[in-house]
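Working notes, beginning with the structure itself.
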Amino acid sequence: MRWLRERSKVQLAAVAAAVLLLLALLPPFIGVYQTQLLTYGLIAAIAALGFNLLLGYTGLLSFGHSAFFGIGAYTVAFLARDAGIHSMELYILLGLPISALLSALFGYISVRHTRIFFGILTLALSQVLYSLAYKLFWVTGGSDGLRVPRPTLLAGLVSFSGPGSFLRFVNSYYYYVLAVFAVCVVVMWVIVHSPFGKALQAIRDNEVRAAFLGLRISRFRWVAFLISGTFTSLAGILWVPLNGLTTPEILYWPFSGEIVFTALLGGFRNFSGPIVGGIVFTYLKTYAVATTEYWQLLLGVVLVMLILVLPTGIVGAVSRLADRLKAKGKS
Amino acid sequence: MSILVIQILNSLFYASVLFLIAAGLSLIFGVMRIVNMAHGTLYAVGAYVTAWLMGKAIALGVPLGWLFLLLPVGAGVVALAGFVIEPLLLRPFYRRAEEYQLLVTFGLLLILEDVIRFLWGGMPITADTLQDVVPIMHIGGLVYPGYNLVVIGIGALAAIGLWAGIYRTKFGVMLRATSQDRRMASALGINVGLVYMSAFAIGCFMAGLGGAIIVPSQAAVLGMGVDALILAFVVVVIGGLGSLQGALVGALIVSFVRTAGIQFFPEIELAVLYLIAAIVLLIKPTGLFGNA
Amino acid sequence: MDKPNTVDRRKFLSALGVTVGGVGVAGASLIAPQVVKAATEPAKGKIPDTPYKTGHMTFLTGPAAVLGDPSLKGHIMAAEEINAQGGLLGKRKIETITADEAAGTDANVKELRRMKLEGKIDLFTGVISSGNTPALGPVAEELSLLTMFVDGCTDFLFDVAVPNPKYTFRLTNIQSADGITAAIGAAQAWPQTRKIAHLHPDYSYGRNASEHFTLAIERLLPGTQVVSESWPKLGTTDFTSHITKILSSEPDLLFTSVWGGDYVAWYKQALRYGLFDKMKVATTLAFGVAPHALGKDHPEGVLAGVHSNYHFTYPGGDRWPINKSFVQRYFKRWNEYPNFQSEGSYVTLHMLKAAIERANKLMGGWPDDEMIIGQLEGMGFDTPSGYLYIRPDNHQGYKDAVTGFSKNNPEYPFPTWDQNRIITIPIRNITAPANWPKPGKGHNESTAAANWIKTTWPKSVG
Amino acid sequence: MTILLKTVDLRKQFGETRACDGVNFVVHKGEFLSLVGSNGAGKTSLVNLISAHLTPDSGQILFEDKDITFMTVSERIKAGIARSFQIVNLFDGLTVFDNIALSIFSRDGKAGKIISLAEHDDDVRRETLEVLGQFGLSDKTAVLAGGLAQGERKLLDVAVAYALRPKLLFLDEPTSGVSTHEKAQIMDTVSSVVRAGTVTAVVIEHDMDVVFRYSDRIVMMHEGAFLADGTPDQIKMNKDVANILLGVPLSV
């Protein structure tokens, strides 16, 4: 029995390692542009992974996750501008506790409600942050946002200046983000397979019954919210140096809509759904914007079709297809 | 003193339009349990259609007084759009989780924004001829456009009409029954599909009417719907999703706070509105007049 | 003159080089008129016939499309003209890919990288929002991509975001010039002003306009006070409460930087509240939108700014044939009149063409980017709006700032400028000189211009 | 016999309806007790009050001589009261195994563990498999609870509550909605599990055959109050019960 369990885990690890290796080998073949786009995709995947702990595993639809992405991004921008910090590790080490604290605060307020009220409350809270970032011009730069110069990596061992530094940065940063991404995936995988993760899913499926197992529902939701917000903040932290600038746009509610879109695109009832969704959405939006001035229409149609035809998202559809093929192979 | 009177009138004017949008949003939620994110954009459609029709009518030499008839026509066009949207896009989702319903209307928002641009382009469209049909009024030493009073009047009429329609007609009984318990209503022989479709169309009509009456005093511009949606959200959050009185009181609160904000604390006017919404949600998550 | 740091206002204004009127000295800064001619001389050396790819980013959607649409039209028209002559150096046809600026700043950064790295563009141009150029400038530099911003006028771009530009240029006047030009126009026309109300869109453009207007007006009209401030969000269409607030403060002058669709909605409401009868109104961008976006009901006598850049009626008549012919061709092509965005993006391509031709004349063959940049730096160029100079130190375009007063001239279906009251100011007199310290280098003002005004401008009297 | 649970004059009213009208309910340790009565008699309300799903208007609930009237759900579960639900209440997105394991994690205070894999806890694993074995669900471990047949769902529902190892277990109609054949199977399983352990069980049940066959004692409720209380044989003899419950006198 134990052996069986271990075997399936070894299989999973093997698949994950293969994907990781593939991702690691990609840059020389796809060129610098695709490399940086893929970096954006991995960052979006981290954000969606965090978001989905709430939607997919806890059953809470947050329409305000832009807040956490923005908290991460603005924290880095403030650290860079006001504290003169230019090390990626310090951004992460200082940014995470700050994000966790704010996520805990937002979560404490939000998890008292569920369903549509939870969604609207998170939306309202994120809009408070948005309007502050927008209005407090002298602190946040208003709509101009704040610039963040390229940080050093690995405690200052790798730094970027001089000619060709952009190309070097993109390549190094890709691996940096990939490593953080891998850690995030493992951590999130453990979380959703932990007793805590199981409890969240139980709460999602049946709140009343979960309470009659003695689980303290709102405490669990709160911790889930905290973890979720912190993950999404981490994505914001990683995003700023690549983008070079943060503006209130990433706090505005349509950006929250994009995060929801992302999770749905990949499939929020699957662990890997948001990861796939994050990467695919990054490409989808980039090429939609590049191809047509009616990109909003395109995204809207994709979204509606997705909900109509592929409610379980890409991963859900693919795994169903695989199941069907397997069943056919057996018969 | 006359300034105070005018600011109160301004607030009522703004509240009338906000009420029309928010009441539609609330009605749709109350009956169908759908938060319609495309609602602001439907309001914009109402504004565009009305302005466009008015331009055509003026070019055709229609007597100016008759232009008032175009206001309900503009709203009617949006209601017609509602009759198409509900069975086509929303009906397949009633049995699905509410996140799908939310997202499908988000998709609709994206689509409609571009459709507006495709049909009418990027330039603002104005319809201010209608505004000048109504004489300018004098309040103290200041002037005030009489048309704004017409808007306030329409807002008040719409509120009364909606209230009467819901609480004093047979259709209203069906509407309320359906909103209380869909299955029970269906068992009682109410055609739930038709009620849903009508509720959605009435909601659209209200949004469209909001757009139609505002466009003569402002202009139809791209992006007006997204802004309106957020404010309508604030209104229904404060008043209570699904409650008509809530939409009315919420609209009044939001527009008076906004006016006070503009007058006294212009720096944080916007943040204050969101904060009020967040505080109401904290203390009474269902809003001042809502019930879960 | 009682104190050394004060000066008579009239003398001050004339020292600034302010001129009023449609003719006369206004033309002084315009160099000898010459029509944009077809390249008659054949190019030297071997020129590839591959297309020259440009990426034009502007607002194709959203409320700012009202500016983006003319921008793209100007660009297309210039490309068509150049291509009709066979292309750049007679060989390389200009190809354009467009991008929607409304996709958001982060999407714009991605799109710029895509255009260069995947679309292999040779030139990046366009951009309207002052929120976007500071994001895109550094990206263009890191990509080593020749970039000629048409607008996105914030001082912040070359003051802070890209302090030592190599690949990045910008053609329109900088943002600080807007507020200062309006202040000079107002001080010139309405010296009796004492009480001023402000109405600005709540983002950096509005902040900048307000700050620089106030700095300048404090020196031009000492003793004025701000009696009311309003900051509607960009995209606001209901201004009734703002208007009432302004009326309640009973100002002599309202200064506003509201623009585009917001401005249209605003003036229509202000009209019905009788605002224009109660006070003078100075704007930075009333006439900045496509001219036909405004109606004949627009009041006369408003200081109608054009982002201190260009209005198609000036320089008017036959006095500056480049403009006359540009306006005619533009109208013929698009059946509408150009605005400053149209002119800016039109000029951008012609200026590039001139730089390429000059570089070719010097070295032969197709010039590399370094050589084109060498030609652009310090280049002077006759444009429809007058003489444009690219300062070599900060790659910023400079042309005389211009503003005027609205008037309903019968020949146009929309308001234009009163031809007898157009105000021009030599740009060097309202911007910080070349080596003036940038923000963060010895001072913490928001712009170099702000620090320069505070340090050097006297206070006027009289 | 030791008294495990006792309610004192417990009252709960919904509008005009008296769901519990001064109920004095006693459960003895180790017994298998059935709570019967027609629909709306107040059985489920009583269980809801005892399990903290409802708060009483007045009265007292004593469990092992401690006053638990104002304890929260989780405190009562910790004290040893668990329940199942009339309408199956499972975690449909979790496997059968996880449904049970979660009960055990929760009971042992391990449900908050975040950085450890649930399936790596060997103690919990062993116990989960054991419970599944007792309820005859061993071959369904990896199936999602949502994919079970109705009878199996009923069993799992009981098993989830049972896995909390309560001292007092309330089962609200464990056999409703299944075929007669399955009913016997479920009740056999449940009663054997209960009797094998140290659990006291209170079952709400409509099927009098089932009630008479498995119960040690039967309490009959009517309109929010107790009508009868006794062994199956005593209840069978009670005329009132027969009148109300069956509408016909029983032939002796």
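The letters A, B, C and D name the chains in turn, as written, and every chain counts its residues from 1.
Going forward, a contact is a pair of C-beta atoms (placed from the backbone, for glycine too) under 8 Å apart; a residue touches a chain by one contact, two chains touch by 3 or more.
Fair warning: this is a prediction, and the values are worked out from it, not measured in the lab.
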item: Reaching subunit C from subunit B through chains that touch each other, fewest steps; value: 1
item: For subunit A and subunit B, chains touching each; value: C
item: Chain located farthest away, centre of subunit B as origin (C-alpha); value: D
item: Chain nearest the overall C-alpha centroid of the shown protein atoms; value: A
item: Whole-Å gap between the CA centroids of subunit A and subunit C; value: 40
item: Distance between the centres, which are taken as Cα means, of subunit D and subunit C, whole angstrom; value: 78
item: Whole-Å gap separating subunit B and subunit D, where each centre is the average of the chain's CA atoms; value: 51
item: Chain centre separation (subunit A, subunit D; CA means) in Å; value: 43
item: Residues of subunit C engaged with two or more neighbouring chains; value: 60-61, 231, 233
item: Residues within subunit A bordering two or more other chains; value: 134-135, 296
item: Residues of subunit B whose C-beta touches two or more other chains; value: 113-114, 117, 267, 270
item: Which pairs of chains touch, using the document's own definition; value: A-B, A-C, A-D, B-C
item: Subunit B residues touching subunit A - in the complex, by the definition given at the top; value: 33, 35, 89, 92-93, 96, 98-100, 102-104, 106-115, 117-118, 226, 230, 233-234, 237, 241, 267-268, 270-271, 274-275, 277-278, 281-282, 285-286, 292
item: Touching residues on subunit B, where the partner in the complex is subunit C; value: 3, 6-7, 10-11, 13-14, 17, 113-114, 117, 121-124, 126, 128, 131, 136, 142-145, 147-148, 214, 217-219, 221-224, 227, 258-259, 262-263, 266-267, 269-270
item: Of subunit C, residues touching subunit B in the complex; value: 59-63, 65-66, 68-69, 229-233, 235-238, 240-242, 244-245, 247-248, 260-262, 264-265, 268-269, 272-274, 290, 292-293, 295, 297
item: Touching residues (chain side subunit A, partner subunit C) in the complex; value: 31-34, 36-37, 40, 134-135, 137, 141-145, 147, 165-166, 239, 243-245, 247, 249-250, 255, 285-286, 289-290, 293, 295-296
item: Subunit A residues within the subunit B interface of the complex; value: 55, 61, 63, 109, 112-113, 115-117, 119-121, 123-125, 127-128, 131-132, 134-135, 253-254, 257, 260-261, 264, 294, 296-297, 299-304, 307-308, 311
